[in-house]
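Please find the structures below.
Both complexes below contain subunit A, partnered by subunit B and then by subunit C.
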Partner chain A sequence: MEDLWYQLPPLAQDALLLVGLLLPVLLIAAIVLRGYAPGPLIGALLRRFRWANLVFVLLIALSVGMSIGLIAQERGLRIGMAQAADKFDLVVAAPGSEMTMLLAAVFLQPSDVPLLSGATYTAIATHENVEIAAPLAFGDSYKGSSVVGTIADFATYLSDDRITGHLWTDPFEAVAGAAAPVALGDTFTPAHGHGAAAEQGAHEGVRFTVVGKMARTGTPWDTAILIPIEAVWMVHGLANGHPLSAGDQIGPPFDPDLFPGTPAIVVHTSALWANYALKSEFSRDNETMAFFPGTVLANLYRIMGDVRQAMSVMSGLTQVLVAASVLLGLSILTRLFQRQTAMLRALGAPRRFVIAVIWSYGVTLLAAGTALGLGLGLGAATLLSWLVTHRTDVLVQASLGWNEVHLAAAFLAITSLLSLLPALVLLRQPITNGLRA
Partner chain B sequence: MLSRMSRALAIVMLTTAPALAAEDHHDPAGSASDDHGVHAHDHETGVAHAFALGPLRVVHPWTRATQGPDAVVFMDLDNTGDAPITLTGAAADWAASAAIVGFTLKDGEGRYTPLPSIPIAPGHDLVLRPDEVALRFTGITAPLPHGGHVHLTLHTSLGALEIAAMVEAADALQHSHAGHSHMEHGD
Partner chain C sequence: MGLSLRVEGLEVPGPDGRVLLRLDTLSLPAGARLGVRGPSGAGKSTFLYAIAGLMHGARGRVAWEDTDLLSLRTEARTRFRAETIGMIFQDFLLFDELGPMANATLTAMFHPRRRRAPLRARAASLLEQLGLPETPRPVATFSGGERQRVAVARALAADAPVLLADEPTASLHREAADRLIDDLAELARARGTTLVAVSHDPALLERMDQVITLQDGGLVPEDTVGAARTARETA
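Moving on to the complex of A and B:
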């Protein structure tokens, strides 16, 4: 049976799980409601105590929405981060921390790292199966945006060739990301460094003209301004990577002896397998470090997964508390119409009919609260995602997934079972007590 | 926690059949003592964990305990020769099929994609490790219990190599002996 379960496609597993979770509710409904139509009576109860019902539904919606919003948001963040790293198959850097290089190359949070030599760059760039070997030179900024030196192919690759204007043809031309603080045709002088410590006058006299603007990618690179790596070297008083005989050549091939160095090389290969062969070749002690940003992120998710588990335990405990409150709330609500149910019983209504009315009434409120909670959760996650996207430039999109639907269904199933209790308690009380209430 | 409990509840609701006891499974592996090219043995279990085929050295093969239909096997492959060696695939009698797989992260979810073959340059090593590259065995005939070992055959451009992989814990991230060298045991 377990083998059969594993062989099912994920969609079928998720759908069956949902059916399985809702099965107890349907079973109780079939047993309790068989032969009865308590609809009109429930409608009357809902209208008669509409404010108490509304508060009850809203409380359930809030509790379900908070749990669901958290889970949806966490997944949205995970997907957003993975998409930001999507274009970075393999990164080669000097030996050090993979996380530091991931933050620098993918999330544009550079720190001082050793440089790779021209010989290393040439070995990677000329390796068979390597389509793009893009050197990245960080360190300068303009109005808070990173100004990154690289090659034209990287701009094309990063934006999937969706560039308004054109690529640079001169060392002092730039291609800006969609959210960079410059427009086509603008000129700017980069500051040396980032943030408050940036030296504004360090590159006085150097002016770049924006000749291209990349389409939005949903990654932190949307705020970056790309310039030819030759310009970065020249502005810092270094060789430009080419011999004099090369004239005004921009981009590879570079002369290994005249290559001042690069902190990182982003590698894109023609086939997936080539990444592993390259990683094997460029993982050299004391020389180079090659890593997959996807793997580093997966490791990070593993740690986040532990946090997520702690969060689920807390959320689980909260749901238990909520279920207990629901039970209490339903008991209070059923007390509100104690007189009406006693009247029903005095008129000779079967016990099962009274249970059917009270249980269906409770489940109607619970189902409405849960459904509203799903919407509320999506709304909360959308708002949080919008905030994260604006603060980090990582495009985070919230959506409802199976996990959230399962959580809501489990909540509904457990609380529906509990809803039988107030009905049973009410039936144990003498009819005369109810009539006097 | 709630969703896990509810998932378990749902599976029970759906499958009225009693849970299958996994106590009486047979050990899919046998003894690894007759492998050719064995270089080093575990001092406690007597299972080899370094192997060689010509200039190809295989150190610390391991996998994770599993009850599921798939298992991923990891190891260090070291090319000590002066010509490239290609890892072309693997096979085992306790699994229906095997493939080299590479890890990719799509939409925040990691998955393994089949790869044709991977060349190992002379003087370099290819590390098969979680979330990077691995050998995936599908259609496993019996669960792999923690603490045991499984036999498998590596297919390379040099020929086939029989090895035994340690079965580590279900959530292990590395071979329990990782970090201690077996190079001094070389042939």
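Moving on to the complex of A and C:
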């Protein structure tokens, strides 16, 4: 049985789980409603208590929406971060913190790190199966955007060759990300450093011209400006990586002896297994460190997962509390309905009919609130995602996943089961009490 | 055609165990109209609810034709009421949000599907006979007399052979009350419905075949048709 379950495609599992969660609701509906047509009475109840009903529906929607918004947002963020790291199969850097390098290379939050030598770069670049070995030279900025020295192939790779204009042909040309504060044809002088600490004028007299603009990638690299790594070295008074005999060559191969160093190398291979070979080869104590950004992120999520579970428990508790207060409210409202219940019983309505009316009334409110909550959750997650995207340039897209739908269905199933209680309590009252009230 | 009623040794205890109503024998032929009067708290409503099978703990025998209602369990009594008894209440007990037709066909919601269409047809014709407008307007906007007539249509729509009325004219002004009494008496007569009406209203009691008086939870013995006349004359 268990084997069979795991053999099912994920979509079938999710759909079956949803059906399973909603089954109690459908089952109760089938049992209590069979042979009856209480629609007009349910409509009358909905109309009679319309303001209270509206408040109930909104309360339920808010609680469901909050839980769902949190989950959807968290997942959107996770997916967004994973996508931001997607192009970075393997990163090689000087030994240190993987997290620091991940933040620098993938999320463009650089910090001072030791450099890798030209020999290391050449060893990686000339390794078989390596398609791109892009050195990344951080440190400069322009109007808050990172100015990163690298090779032309990296710009092509990063943007999937979607570049308006052309790649650089001169060391002082630049290719900008879609959200970088420069347009095609603009010229700019980068500042040394980042943010408030940036030294304006450190690179006085150096002017870059933007000759290419990359299409949007949904990663922090959208704000970056790429320049040839040779220009970074030259601006900082270092060798440009090529012998004089190479003339004005830009890009690899570099002369290992004339290679001033690079904080990180992004590696893209032609085969997945090659990543693992390279990782083990370049994980050398005191020399180099190689890591998969995806793995580092996964570890991060694992830690965050505990937080997420705590959040889930809290939002679950909130929902239970809201459900409890809604049920309490329903019981109070159904007490107002006591005379009519007694009248129905006096006219020969079976108990099950009275249960059908009150249960359907409650479940209508719960279902409306849950559905509205799904919408609210999506709205909240979209808003949060927009904010995160705006602030971090990590494209976060919120969407409703099966997780959220299952959560909503479970909430509906439990509360609709509990909705039988007010009707049962009401039916315990002697009929004549209600008639005489 | 209505049902006959035979009550024997009926005792209805209250929640505290004190007997609210004690009735040795009472017989009513099928299609008869019985008025029940007496001061407040004399047990009139208790009597009405008891013969509808609504009083828990009632002892004795309440037989509609051959069916002893008190020997049935709660849900069987409910089923019996659905098929046999129509009820009218002092304050109408309609669903204010619904129109006259929806109110008059209320019991169709829990009657078997095959009985719904005839029930609806009967309700429509009753509403017409009772001079009620064909409108989906909620009955909340209706006058008291109109509302009670909707309640009459509801009580008779299932073609119940027994009609029980609890102070049906007490919430109405004189004119509306007289019209309702006419309607009620006429409909009951035309259909041969057995009618039991609890009332203070001499005009209503006068139209009954038989009137009993309850006092302190028991029958006042001299009750006859003549007593009803006296009641009207002194009123």
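Methods note: the second predicted complex is superposed on the first by the 435 of 437 C-alpha atoms of A that agree within 3 Å, B and C clash if a C-alpha of one lies under 4 Å from a C-alpha of the other, contacts with A are read in each partner's own complex, and residues count from 1 in each chain.
Assume a residue touches a chain if its C-beta (ideal position, glycine included) is under 8 Å from a C-beta of that chain, and two chains touch if they have at least 3 such contacts.
None of the values given here were measured: they were computed from a predicted structure.
Asks: So, on subunit A, is it clash or fit between subunit B and subunit C?
Replies: On the superposed model, which is not a single observed complex, subunit B and subunit C fit side by side.
Asks: Go through the superposed model and pick first if A:V19 touches only subunit B, second if only subunit C, both, or neither.
Replies: first
Asks: With both complexes overlaid on chain A, does A:P430 touch subunit B (first), subunit C (second), both or neither?
Replies: second
Asks: Between subunit B (first) and subunit C (second), which does A:F411 come into contact with in this model arrangement: first, second, both, or neither?
Replies: Touch status of A:F411: first partner only.
Asks: Output check: A:F254 vs subunit B and subunit C. Expected answer is one of first, second, both, neither. What do you get?
Replies: neither
Asks: How many degrees apart are subunit B and subunit C as seen from subunit A, counting from C-alpha centres and rounding to the nearest 10?
Replies: 110
Asks: Quick one: classify A:W5 as touching subunit B (first), subunit C (second), both or neither.
Replies: Only subunit B is touched by A:W5; subunit C is not.
Asks: Does subunit A have more residues touched by subunit B or by subunit C?
Replies: More residues of subunit A are touched by B.
Asks: Tell me, in angstrom, the smallest C-alpha to C-alpha distance between subunit B and subunit C in the overlaid model?
Replies: It comes out at 30 Å between the closest C-alpha atoms.
Asks: Which parts of subunit A are touched by subunit B and by subunit C alike?
Replies: Shared contact residues on subunit A: none.
Asks: Once bound in the complex, which stretches of subunit C touch subunit A?
Replies: Residues 45, 49, 52, 54-56, 74-75, 78-83, 85-87, 89, 93, 95-98, 102, 106-110, 112-113, 116, 154-155, 158, 166.
Asks: Using the touch definition up top, name the residues of subunit A that touch subunit C in the complex.
Replies: Within the complex, subunit A touches subunit C at residues 35-41, 43-44, 47-48, 339-340, 343-351, 353, 430-432, 435-436.
Asks: Would you pull the subunit A residues touching subunit B in the complex into a rising list?
Replies: That would be residues 1-3, 5-7, 16-21, 23-24, 75, 78-83, 85-86, 272-273, 275-277, 279-281, 283, 292, 294-295, 297-299, 301, 312-313, 315-317, 319-320, 403, 406-407, 409-411, 413-414 of subunit A.
Asks: Spell out the residues on subunit B that touch subunit A in their complex, using ranges where they run on.
Replies: So the residues of subunit B in touch with subunit A come to 1-7, 9-11, 13-15, 17, 19-20, 67-69, 100, 102-110, 113, 115-121, 124-127, 131-133.
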